[in-house]
Amino acid sequence: MCRFLAYQGEPIFLETLVCASEHSLVHQSLHAAECKTATNGDGFGIGWYGERDIPGLFRDLRPAWSDENLRSVCTQVRSGQFFAHVRAATGTVTSRANCHPFAHGRWMFMHNGQIGGYTQIKRRLEAALPDEFYHARQGTTDSEVLFLLALAEIAKGSPPPEAVAATLGFTKMLMRDASVDEALRFTAALTDGETLYCFRVACDDRPASLYFSEQPGAVTVASEPVDRGGDHWQAVPRGAFITVRRGTATTVAPFPWAAEAVAA
Amino acid sequence: MCRFLAYQGEPIFLETLVCASEHSLVHQSLHAAECKTATNGDGFGIGWYGERDIPGLFRDLRPAWSDENLRSVCTQVRSGQFFAHVRAATGTVTSRANCHPFAHGRWMFMHNGQIGGYTQIKRRLEAALPDEFYHARQGTTDSEVLFLLALAEIAKGSPPPEAVAATLGFTKMLMRDASVDEALRFTAALTDGETLYCFRVACDDRPASLYFSEQPGAVTVASEPVDRGGDHWQAVPRGAFITVRRGTATTVAPFPWAAEAVAA
Amino acid sequence: MCRFLAYQGEPIFLETLVCASEHSLVHQSLHAAECKTATNGDGFGIGWYGERDIPGLFRDLRPAWSDENLRSVCTQVRSGQFFAHVRAATGTVTSRANCHPFAHGRWMFMHNGQIGGYTQIKRRLEAALPDEFYHARQGTTDSEVLFLLALAEIAKGSPPPEAVAATLGFTKMLMRDASVDEALRFTAALTDGETLYCFRVACDDRPASLYFSEQPGAVTVASEPVDRGGDHWQAVPRGAFITVRRGTATTVAPFPWAAEAVAA
Amino acid sequence: MCRFLAYQGEPIFLETLVCASEHSLVHQSLHAAECKTATNGDGFGIGWYGERDIPGLFRDLRPAWSDENLRSVCTQVRSGQFFAHVRAATGTVTSRANCHPFAHGRWMFMHNGQIGGYTQIKRRLEAALPDEFYHARQGTTDSEVLFLLALAEIAKGSPPPEAVAATLGFTKMLMRDASVDEALRFTAALTDGETLYCFRVACDDRPASLYFSEQPGAVTVASEPVDRGGDHWQAVPRGAFITVRRGTATTVAPFPWAAEAVAA
């Protein structure tokens, strides 16, 4: 299990949420409260949109809590749309390319969850990537494959939530074919720099936690509230996703599993 | 607080104690039981005596629990005298040169403790190092200074326990001069590859934990027992040190504080 | 282009060839003489056989010339069969899992060369891996795929040189299908800890350099001679491979391209 | 020998000079033209002033040429005053804290040069640091000591060039006392975020190269010109320093060695 946060709103220094708040992401890297593994020390990443079309990425393998580069970059960089992630590796090699967030063109993604029986379906999942996205793969995680599969759907014209639903539906189908008993759990964030989608779904009703706070000019989404005051935090319901868009109220909607997948 | 272990006996693969046992040092790096900080993820080190006069050192900054190099080296290297250490940094920069164990010539040292008010006495402590040892300094930790000061005493002819006692006595004097209220706590291991000395002392009677197990052909000393069976583990008494030497029973003796220091 | 060396013979400390000799591999990492890129600073690796069935691996991303862990491990470890490699990355992400040598079970492999138009055939090449080897993939390099494909052939019963020839023949076929003009060049070493095979082949007669020195109790193979005295070094002929086996004279033989591949 | 560049002018993306230009600093990290060591692969650093009083720092140990974090940060960050440095280590341990630039409060510094016989005078040089600056020391390089000594002079009220001159004068005195024959060479940049001072001095008339280009709204200073067009680059004369200040023409002045030091 990992911990992450996403922000959209008035540009703020990344440190506000990543390092400085009471239960900041860096604090969660050492003392996560709502997940089995309290320690998320197997690398971290931040991704942010600034003046460029594509996001900036800074990912490294030292624990977030003692990385002076992370602290310095977060102190200097101000952004109106950013992601941050701390990782507890579960089997995959730790390398920068396996740290979240992942970026491709103007899209960015991060994930906290699991694909049950991944080794049994890995091959078919990767084979499903169209060439462009197959070659874009930098690392070896299941999360990156899900991201690229969803982008391939988006490239075909699907709205992002449907693209993600198609990806997870396909994944579930492969899992069923391979008689996998373990669950698919997907708590994740996806953005093109304009609209932010955050998902909290699982096929066993035990998706990882996800909260959001909507305040004037600032929507924050996080695995765990980053402060303790906390009235303003609400849980993203299980089986739902939220859409965050500048100048529009955040919406909560049921995850659009295809009937086929729902039936599964 | 850190966690460490030292071994002397029949040559064994390092993995036996470092990675494989139930509560191995790598396990303690993530789940330490007897110290305030359960996570010791700010680097690790192993040091071992093989066929050379000087020990080998392998120290790195990734968490021990996910470092494949550490696992591989521990699987291959067999030694009759080795140290291993996992670090929870307390203010000092994390760098390889700040990871324990430290080595100088044939000597090796590691430490788990604190020098209260270190910044107030750092300067005088470093100034006390004779030239040879001043130049030997590789990193910036207080532990390395204590090691080099003790070696300077040994070079003058002191038996190692007395050399350590003189070093700590001097340190306490500087602390008193600087009106430091915080404690000096020193749980540490020192060896020349032949004889192993392990210390558990503090000026406030709260030294970090230390245990040892003496079995035929194998003495293990560790911050926490590395297995759970555990009858064979005994605590090193507070204010004591043990001497481990091949072919001789391990001895426990009171730490030889000088009268002056004891009076303090 | 990378630089590498392989040794089989009386156990020696790795440092003899890796760090200490006049034109040691560490020296070559900064001053390679016989390749386009003089600097091989994108990671290094050593792999050695000791008392275990499987080789030890130590790979890291800092330049070999300034890595104190590399130097210390090479000073302490003695082996009768080892590999060492310094890398100049060519496009792939630098990560430990992308550093040579690669190991799988008791087999070990390293490579210096290129698969022309790799991105065009990557997908089909990876798809050709049987499940067991598909899942064994740790990194993202072309070299690791070639290694695993060869192991898959060996698992089916092929002698190692034929397994490598089948792998390269298949690779060339894919390149031809994809109308790739660039060359396939393969200078590589493969061993199971007993027999060492070193290859120097290319489809354009410009394989990377490879030399070997056979002396009583010591066969060394290297991209460039590791000393300057050098009468005892002979070039592995283009299009040939050598077989090194304890108690037997090293043999040089033409690389067993299949007729189909030769015709290509 | 290292390579560095400093910029003051209209805010530009760091990548313009660090990664993108024909002979950018990243290019110089692999192919320096005007120094003995063509390879500067022992770490890098960037430091920049943004919206904060203190500069941001990002320093790491991988070679600059293959660090994807460096490239991404330089692509996103825009600054009107920044430093960048690539390092060829000369004896000191490679660690982040030993990478340039160094920062303290709002000041930033980087250096390319040497203090002849440093180990002979290290101790006296460090002892000369006032407490505040002694404790500010993060790493173990000679360059950081020079920086902190100069800051101590500035804190006493000296203008920066005089503070640097006093520091170097003192250093030369210590070298003379220790009968050091090797040269003191100091090519360096110092700034408080407003005014940029760049020095090119040595006691043997062989200071490392330094050039500057003054164009409307953009002054660039670099070990080697970062493009090949090059009419606009002029060498900083030996024994001189330049002062770069917004809205003022860059001035070149002789380095203010004290008479005592000049006589030396």
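Which chain is which? They are A, B, C and D, in the order written, and residues in each are numbered from 1.
Going forward, a contact is a pair of C-beta atoms (placed from the backbone, for glycine too) under 8 Å apart; a residue touches a chain by one contact, two chains touch by 3 or more.
This one's a predicted model, so the numbers in the text were calculated from it and none came from an experiment.
K.L.:
Just to confirm, which listed pair, B-C, B-D or C-D, duplicates the contacts seen in A-D for more than half of them?
P.N.:
Looking at which residue pairs coincide with A-D, the repeat is B-C.
K.L.:
Between B-C and A-B, which chain pair is linked by more C-beta pairs in contact?
P.N.:
The greater number of contacts lies at B-C.
K.L.:
For chain A versus chain B, what separation do you get between their C-alpha means, in angstrom?
P.N.:
Each chain reduced to its C-alpha mean, chain A and chain B end up 41 Å apart.
K.L.:
Pull out every residue in chain B that's touching 2 or more other chains.
P.N.:
Correct list: 68, 93, 96.
K.L.:
When you draw the chains as points and link the ones that touch, which shape shows up: line, ring, star, complete, or other?
P.N.:
Graph shape here is complete: every pair of chains touches.
K.L.:
Across the complex, what residues on chain B touch chain D?
P.N.:
Touching chain D from chain B are residues 93, 95-97, 119, 122-123, 126-127, 131, 134-135, 137-140.
K.L.:
In their shared complex, at which residues does chain D touch chain C?
P.N.:
For chain D paired with chain C, touching residues are 30, 38-39, 41-42, 61-63, 65-66, 68, 89, 93-94.
K.L.:
For the complex, which residues does chain D have touching chain A?
P.N.:
So the residues of chain D in touch with chain A come to 48, 50-52, 54, 56-60, 68-69, 72-73, 75-78, 96.
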